[in-house]
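Each of the two complexes below includes chain A, the first together with chain B, the second together with chain C.
Up next is the complex of A and B:
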């Protein structure tokens, strides 16, 4: 059975992807770098935004390094800075 | 013979009571005078001047930035009028007199008297913060009032810092409000920030956010940061109890072309209002220690989502952070406008991408209309803006969609290969890259030009009935 994980887009990431969330097929070894590639393949307009965004997995901040991989059923949040006020 | 006890006792008590009543009356009088002065200034023509000078000079009673460097005096007890005012907080279990005293003896700086600062400053002033500084360089504009509810119709043209201070003062004369009418920048930020206990980032631009972060780290102040755009908001306390600073989470400033301001992106008025209220709440929690057990978090507000609030757990500060890490490389304030590649205001600057001879003025375009010169007018604003107002017989293709819709432009030349194309947008910025796209794709053999200053200038110089937004 294919397993999935969910991605939530906030603020300008939502505008660029034109959705507030979507589903991806899960596979082994999706680290921050691989995740970025997956996201860009689906939403090329995210390119400038991902460079400055923060990642959170299951509502917890994650460094953009190799210390973690996406697990099946995870909810990944893409959080770019909002600067208006 | 000793006088009846009632009289001897009451003499002293009566003096005290009358003194208190006198103090309360004086305060009420000050508030009334303040209100009166505002009404007077508002009716004077100068109050509407764009620089706010008239309004500024006529108003008494609100201290200006020089006052901030006078020491903030802490008190050992609340006065009776204060107890009467804060009664509902004083009887609140878990808050009470201790927390109220903490607020009274705390000074806070709200940077930005816009959408976030409006609700934040009002609630902080009302709650009983001892000294409240308000920073803003801008003046009140009619298009601010749908969200910046601390200002009002009569204060158009008045300094926002001053208008906000007056509103707080009218609401609560016990709060000492300090006005800082200036652009916060590397040369002045540190001294101002060092003079306060808690800093509130209610600004509207990237450069000032990094400046405030760095100055707060250097000055060892907690930074209650809020932001809002369109239907989204964010809230975090940076540099607090071992938590991260802004640079830990966002080490790289976003490229300026990806940053949207409220003027271009739009914002639902209540959204910054909500985030500003949350900032006031967090600042009160910091001042009173209510949150001292809480781990660092970022709250995301999405007004149009079924889950309006999400709380992201953050980590501790990053050891390798160049600002707050173990060996920081930034040890004094830098040039933030250069670092961010964007200005320290949220105003959209004029773009000069194409030479003037490839552009036409509103006047020339009007001539051309009068002479009925066949042409295509292409409006490259987003549809949501086009729907508000547009010039007759203009074709709407938003700039972003233009590269994929060139065939549609061609089809609208009605078979005339040299038909001129004129491009218009809101302010004459987006129209310039659009001209480049049309030229590069050889859309017509005729001229391709954009209208300098866009529809805003059209309204200002040609047709005052054309709406501005």
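Up next is the complex of A and C:
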């Protein structure tokens, strides 16, 4: 049975992808780099935004340098530079 | 008591300040963020806020928890952020802190708004007035506060 994970887009990422979320098929070893490739394949216009954005997985910011991989059922979010307050 | 709220409704400093009142408090310290009518040489019509709501609520709560570790004289803390349109003059965020004595309350409010602006997944878009000669809007831009590394 194919497993999936969810990606949410906010702010400039939402404008660029023209959607607020996507579902992707899960596979092993989707680290930050692989995730970026997947996103750009679906939404090339995300390129400049991904360069300055953070990833959050299950509502925790992910360290861009450390090895983490997406798990089935994860909620990933593209977090462009924030501007609350 | 910690109050964390993200709402599309107009937010009232008065109500939020009242919500942190306590007989043990010698001070209620507050911050209100309001929409300014200008950015550089452009005239701002409105700000529009968007949030990753569940993560923003979680992030704000963790800031309050951290503030309570730093300042032990805090009694109640309320942080309320508006989403949706926030026209010039309107309030986008209120932070209210009650404390036994004023020093810690004032410091905590200052720290909380500074941290909120760096960490919490909320975004504002600036919408400008009167761009083109035919009366078209001057466009809109997603703002960025000082970013995370």
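Assume the second predicted complex is superposed on the first by the 80 of 85 C-alpha atoms of A that agree within 3 Å, B and C clash if a C-alpha of one lies under 4 Å from a C-alpha of the other, contacts with A are read in each partner's own complex, and residues count from 1 in each chain.
As a working rule, a contact is a pair of C-beta atoms (placed from the backbone, for glycine too) under 8 Å apart; a residue touches a chain by one contact, two chains touch by 3 or more.
Owing to the predicted nature of the structure, the values given are computational and were not obtained by experimental measurement.
> Could you say whether A:23 touches chain B, chain C, both of them, or neither, answering first, second, both or neither?
Neither chain B nor chain C is touched by A:23.
> Applying the touch criterion given at the start, work out whether A:80 contacts chain B, chain C, both or neither, answering first, second, both or neither.
A:80 sits against chain B and chain C alike.
> Looking at the overlay, what does A:51 touch: chain B (first), chain C (second), both, or neither?
first
> So which positions on chain A get touched by both chain B and chain C?
Correct list for chain A: 10-12, 14, 52, 54, 56, 59, 61, 77, 79-85.
> Using the touch definition from the top, list the residues of chain A that touch chain C in their complex.
Within the complex, chain A contacts chain C at residues 8, 10-12, 14-15, 52, 54, 56, 59, 61, 77, 79-85.
> Note which residues of chain C are touching chain A in the complex, please.
Interface residues on the chain C side: 33, 49-52, 54-56, 58, 81, 92-93, 113, 116-125, 142-145, 147-148.
> So in the complex, which bits of chain A are touching chain B?
So the residues of chain A in touch with chain B come to 10-12, 14, 20, 48-49, 51-52, 54, 56, 59-61, 63, 77, 79-85.
> Touching chain A in the complex: which residues of chain B?
112, 114-117, 202-206, 209, 226-230, 232-234, 249-250, 252-255, 257-262, 265, 267, 272, 275, 298, 300, 302, 305, 310-315, 346
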